[in-house]
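Both complexes shown next keep chain A, but they swap its partner, so chain B is in the first and chain C is in the second.
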Partner chain A sequence: MLFALIALPFAAALALMLAPRAGRNLSAWTVGLAALAGLAILFVLAPAVFGGEVLRARAPWIEAIGLEFFIRIDGWAWLFAFLVLGIGALIVLYARWYLAPEDPPRRFFAYLALFMGAMLGITLAGNLLLLIVFWELTSISSFLLIGFWGRRHEARAGARMALAVTGGGGLALLAGVLVIGHIVGSYDLDLVLASGELIRSHPLYVPALVLVLLGAFAKSAQFPFHFWLPHAMAAPTPVSAYLHSATMVKAGVFLLARLHPALAGSTEWLLIVSAIGLSTLVLGAVAAVFQQDLKGLLAYSTISHLGLITLLFGLGSPLAVVAGVFHILNHATFKASLFMAAGIIDHETGTRDLRRLGGLYAAMPITGTLAIVASLAMAGVPLLNGFLSKEMFLAETLAFESWPSYQLAVPVLAVFAGICSVAYSARFVHETFFGPKGHPPKTPHEPPRLMRVPVEILVVLCLAVGILPNLVVADLLALGAGGVLQGPLPDYHLAIWHGFNWPLAMSAISLAGGLALYAILHRRGIARRIDLLSRGKIAFEGIVAALIGLAQRVTRTLETGRIQGYLLWLLAFILLVGASPFVDLAAPLSTKPAQPAGPMAVGLWLLIVAGALTVTVAYRRRLVAVIAMGIVGLGVSLVFALLSAPDLALTQLLVDMVTTVLLLMALRYLPAISPPEPERLARWRDGAIAVAAGLGTTAIVYMVLTRPHPSIAEYILATTMSEAGGANAVNTVIVDYRGFDTLGEITVFAIAGIVIYALLDRVRLTALTPFAAKGPAPHSLLLNLCAQLILPLAVAVSAYLFLRGHNAPGGGFIAGLVLAIALILQYIAAGSEWVDERLDHDWNRWIGAGLLAAAATGIGAFAFAHPFLTSSTPHVHLPLVGEIHLASAMGFDTGVYLVVFAACLLMLAMLGKVSRWEARD
Partner chain B sequence: MTALATLLIALGAVILVIAGWGVVTLPDALSRQHAATKAGTLALAMIAFGAFVAIPADGFGVRLALILGFLVATLPVASHLLARAAVREQDIPTDDVPRIGGSRAPD
Partner chain C sequence: MSAPLPPLVDAVVAALLVFGGAFALVGAFGLAKLGDFLKRLHGPTKVTTLGIGSILVASMLWFGLRGGAPPAHELLITLFVFITAPVAAHMMVKGAMAIDDSTKPPPPPERPHDAG
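So, the complex of A and B:
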């Protein structure tokens, strides 16, 4: 059942994504039902959890790194899950009415469900790595939700900023979790929470603490990472109400509470957490007073309240922890309702700007009353829930003992923040609902009944908790606080009236001071005129722009667009890497005496050298250079034939042919003479690098050939028939022993083909060779006849080579090339238009089919519980033919065949198309 | 029979050298075609016959016959294409060249 609890929201999200069409009602019901079902499960589990039991459910995931799918529900997890699901259900109801008709509801609710599931995951995770997984998932779903109105610039910018900051924090958190795992020896939460002493006394405690805190502070928008939250207000209001006030930003403080037994209690914790919390508290409160946007005001207020909670957890005493848990609950309740009210105002009036609103109470009395009550809770007025947790907070600041100056600063600044919070609450209420009527775009009126219901429910809760705390919330609070402390609770008493004491006085000062402050600001109209600069955003955007500029500069230096440049970098790097073993070479270069070379070998050597020299000397005359390169290729294939390597000779020959043809076809679009090299220095440098690389390669080949050493050849030759089912060792190496390698190579080949397709599609080039000006050649009957005769023979030969490849020279690669060359002949003979009419295939699909065939052959091994690409050689008895000894590597070879053939044909077809476009000019 | 084989192969080699010398020294493209194709094909045919005579292995004759067949089928076609390219590039007048009836693309 515990797994069902986590799975429900994800199932809802998946269902919505897969459903072809779902309107607002269906989407809302799907997610709403998921939330309600989750709540039902929580209620079923409640008796056990309230009784002090910890519920656990485990499933293995990646044991090698210690990641386990471990659901752990104790009091704190239960309470927070209740918060997430309860507010989630209300938000779903609210969002159904909030979304405009043109917003796609299916996507919105799917993302919302995704977020709900991820948040639940953080809450219920019993394994720290699992928590990180869900942590990142919340960052991503938040990104998707903030950027929901993707056409707006501020939505995209806000989403990006939120993802960058919270994602960066997530990385730090991961590092911190890894350190904690290293200290404790496991990521299991039970173990971690019991190892508090061990962690705190370990030398790596401070780094772990700092990293975890970085993650928590980034997520909970604490100073200095707070700047993303106001910009996330570009999201639709249900998102702001759910993520950025009640749940996601609380993930950081949730984590602080969760890891309290493990990390808290040291001076470092006290200092860092309380200082950051205090500064955030004050900063947020002051900034909120001067906001012009309703949601901006609420955002900064959220930042301030989160700072309050952080400060409480920083103070560290058990009573402060209780106060922190209480405030998390209360804040979620009143802030969500305030955001929803702000959304209602925005929905009904068309604006959120405080300068344009005013006097709305007459038009929206009920909403106004609800918003006023919620603001009073925010300000900390008695008889509401905010007052109770604020009182506890103030009491804790007074009870705090530390360095005298710090000890004094905390309560003083807390009161100051209280003054500001009363001031901005007053501003929120007064400038929206009272005063002179504003100029909103739409005529305001009350929203639909069901849209108000969530706000009503939450406000009633605020009142209920405020008036009768012991009845409503005492058990829940005890449950949550007990789960955090993992131990006995301190003595406390929830009551509205504790007698005349300092906290009450501080509240009174805040109230009076805040109202006075607001009155002054309002009379002078200061608040309306000040536009605060978001320094965080400026810094962030500056950093991003600098990074992009750096990346562009580096790219410009390396990517010059000239192939010579790339080749230079490549060869220089290879030289560096390859030269290092030669630096202190102790052994002699060769240990075997060289054999005498026969006249054949010397002759071929001369041929190849002559060809290479021709290319180097005559490189500017491109036609000559290409033909000389072809001669070099032919010479190499003859060398292979001389050394009794028929497969290699065949492959080299065919590849040489195809390459030469394609090069010549492409040469049409280049000038016949290439421009001269500009600088002599560059030529000497390039020559030196080329000669060095060539000499180095020669030395390596010489050493390999003249130093006998045991090689894998014996193993392969011994087992090729028995284990791989083929007598041709070259082929079995390609498709079996090194099959994974070949899979990578055909993937690269496929990518090259598709890139050429993308580059040449719809490209218009002018043929630059002077010969091209003569127009297309007249058709030659001789050539056509020849091509027509050769084609069926070539098909037969190709099939023959393919089928015999496993046991005799041949194979998929060679067979594919043979067929490709026969079709090249057709292209040359009849023209690309004629051939394309008859051979109109989408070669991209063939390439894909080939890759699929190869991969499927590999995956097929899984069905027999073997690793990827294990081959088998069954003997198949066909009725008429008799017994055939097949090898499953045939499927792989088919894939190679298809990819090679289709990629060659694709390149050919594209070049043909380019030439047709050119002819039309 | 090795004497006959040696004679044939030697003759083929000599003709090949003459063909090469012709390709280098002849003045224009069309005459070079004569040297390369006719002399070249003849030389290769002689070498093939010589190999056939010299090695009395099973099936070798069939292979050599196939090789020869392909040579005779493709070398002249290649020469025809090169000649055509030379004619088009250098605008050599071809009014007095007999034509095969209606050279056009097959349907």
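So, the complex of A and C:
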């Protein structure tokens, strides 16, 4: 049942993704039902949780790193999950009416469900790593929600900023959690909460604390990370109401409370948390007064209230914790309803600008009344829930004992923030509903009935809690606070009237002062003239711009677009690394006599040397260089043949053919003679590096070849039949012993093909070869005929080479090349249009099919409980054909075959296409 | 391995190899030395026909008479050379004619128009 609780929202999101036609009603019902079902489960669990039990359910996940899918519900988790699901259900109802017909409801509600599930995960996670997983999931899903109106610039910017700040904080949190895990030796929440003493006395306590706090503060928009929250107001209002009143931003304070037994109680905690909370409280409150956007005002007020909660947790006394939990509940109720009211106003008037609103009470009396009651709660007026927790807060600031000046500063600043909060509440009410009529774009009227229901419910709750706290909320509060403290509750009682005392006096000062402040600001019109926007955005954008600038500078320096430059770096580095072992090399270059070289070997060697020298000398004449490189390639393949390596010889020969054709095709777009290297010095430097690299490679090869060493060759030759079921050890190495390598290589090859596709698709080049001006290449009937005659032959040879590959020279790679060359001939003879008409030339798909075949063969081994790519070798006897050797490696080799063949043709076809699209003057 | 071949066969094979080799040399020399494109085309064609042909015949004689497998390889090579060499030459000429106007055959001479 615990797993079902957490799975419900995700299931709803998945269902919506799979239901392409779900409209507003169906989408809303799906998510709403998920929330209601979750609430039902919570109520079923309630007796046990209220009885003080901690419910646990575990499932293994990644045991090696200590990650366990551990759901743990104590009072605090239950209370917060209740908040998430309860407010979530109301938001769903509200959003159903809020969304415009052109907004895709399916996407919105799927994101919302995803977010709800992630948030639920944070509350219920009993493993800190699992908590991180859900934590990051909330960052991502909130990114999607804030950027829901992705066409608007400020939505994208706000979403990006929220993701960067909260996601960055998440990374810090991850580091902090890792440190805690290191200290405790487990990520299990039960153990962590029980090891508070251990953690606090550990030398790594401060780093762990700072990192965790960074994560929590970034999420909860605490100073100096608060700036993302106002910009996240670009989100649709249901999102703001959900994320920024009740859930996402509360995740930070939730975490503070969750880890309270483990981390709190030290001087560092008290100093950092309370100071940050206090500054956020004051800054947010002051900034909220000077906002012109309705939601901006609420956002800064949220920041301020979060600062208040943080401050309470920072003070650290059990009573302060109770007050913090209480304020989380109260703030969620009144702020969610205020956001929804702001959304209604925006929805019905078309603007959220306080300067354009006014006098709306006449048009929407019910919404107005609701918003006024919620604002009074926000201001902390008696008989409403905000008053109770604020009173407790004020009492705690007085009870706080610290250095005299700080001890004095806390209550004074708290009262000051209280004054501001009354002022901005007054401004919210007065400039929206009263005063002269504004000039909104639309004529305001009451919203649809059901859109108001969630606001009504929440406002009634505000009143109920405020008037009858003991009846309505005392048990819940005790439950949640008990879960936070993991121990006995302090002595407190909820009441509206505590007699004449200091907190009451402070409340009174706040109320009077706030009203007076607003009266002055309003009379003089000051509040309307100042638009206090956070400097954080400027700083953030400055940092981002600086980062991008740095990246661009680095890229410009390193990525010059000249291959010579890249090769220079690459080779210089390789030389450096490769030469280091030679520096203090004591061993002789060779330890066994070299084999005598026969005349054939010497002749081939001379041929290759001559070819290589020709390339070096004539490299500027590109055509000559390509031909000389062909000579080198042929020479190498002959060397392979001479050394009894038919597979390699064949491969080299075929690769060389394909390469030459592709190079010749590319030459069309290069000048016939490449420009000379500009600098003599650079030429010498490049030459020296090239010679050094060549000599170094030679030295390494020579040393490897001239000393006895245990070789794997004997093992492979001895086991190739029994282990891999093939007599051709070269092929079994490719498809079996080193199958994983091959998989990587064909993937690289496939990527190279696709990259060429991406580079050349739709590119327009001007042919630089002088021949191009002479018009299209001549068509030859003779060649065409021969090519068509050869094709079936080549296909047969290719199939033959492929089938016998496991036991005799051949295999997928060679066979694929043979087929590719046969088709290349068709392209040359008949032109690419002719071939494309007759072939399925979607080579990308063929490449994909090949990769799939190879990977599927590898995965197939899992079905027989073998590791990836284990081959099996059943023998099948077919009539007529005889003994057929069916190694599973055959499937893998098919993949190789397809990838090689299709990638070659893709490259070729793209070059052909480019020539078809040549820019003609 | 079967018995050594009679000296006459040895001699013929040797002569064919020298003959083929010589033609290959001459062909390469011609390719390098001759004046324009169409003349130079003669060199490689001599190599492919007479040069490679003689060497193939020598190979067939040598391996065939020593009792090995029937000379399938040589026949196949001959077949492919016969297909590829003329086609390659044909393509080269076509290419040359497309690029270089001087290689085009002169237009047919103007013949006096016979009445009738």
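Going forward, the second predicted complex is superposed on the first by the 898 of 921 C-alpha atoms of A that agree within 3 Å, B and C clash if a C-alpha of one lies under 4 Å from a C-alpha of the other, contacts with A are read in each partner's own complex, and residues count from 1 in each chain.
One rule holds in what follows: a contact is a pair of C-beta atoms (placed from the backbone, for glycine too) under 8 Å apart; a residue touches a chain by one contact, two chains touch by 3 or more.
Values in this document were obtained by computation on a predicted structure and should not be read as measured data.
**Q** Quick one: classify A:Pro436 as touching chain B (first), chain C (second), both or neither.
**A** After superposition on chain A, A:Pro436 lies in contact with neither partner.
**Q** Mind working out whether A:Gly51 is in touch with chain B, chain C, both or neither, as first, second, both or neither?
**A** A:Gly51 sits against neither chain B nor chain C.
**Q** Now for A:Pro708: first (chain B), second (chain C), both, or neither, which partner does it touch?
**A** In the superposition, A:Pro708 touches no partner, neither chain B nor chain C.
**Q** For A:Leu782, select first, second, both or neither according to whether it touches chain B, chain C, the two together, or no partner.
**A** A:Leu782 sits against chain B and chain C alike.
**Q** After superposition on the shared chain, which partner residues are touched by A:Pro593: those of chain B (first), chain C (second), both, or neither?
**A** neither
**Q** Between chain B and chain C, pick out the one touching the greater number of residues of chain A.
**A** After superposing on chain A, more of chain A is contacted by B.
**Q** Does chain B (first) or chain C (second) touch A:Pro203, or do both, or does neither?
**A** neither
**Q** Does chain B (first) or chain C (second) touch A:Trp834, or do both, or does neither?
**A** A:Trp834: touches chain B, not chain C.
**Q** If I apply the document's touch criterion, which positions on chain A are contacted by chain B in one structure and by chain C in the other?
**A** On chain A, the residues that contact chain B in one structure and chain C in the other are 771, 774, 777-778, 780, 782-783, 786, 789.
**Q** Please output the residues of chain A touching chain C within their complex, sorted ascending.
**A** 770-771, 774-775, 777-778, 780, 782-783, 786, 789-790
**Q** Would you mind writing out the residues of chain C in touch with chain A in their complex?
**A** Chain C reaches chain A through residues 83-84, 86-87, 90-91, 94-95, 97-99.
**Q** Tell me, which parts of chain B touch chain A in their complex?
**A** So the residues of chain B touching chain A come out as 73-74, 76-77, 80-81, 84-85, 88-89, 100, 103-106.
**Q** Within their complex, state which residues of chain A touch chain B.
**A** 771, 774, 777-784, 786, 788-789, 830-831, 834
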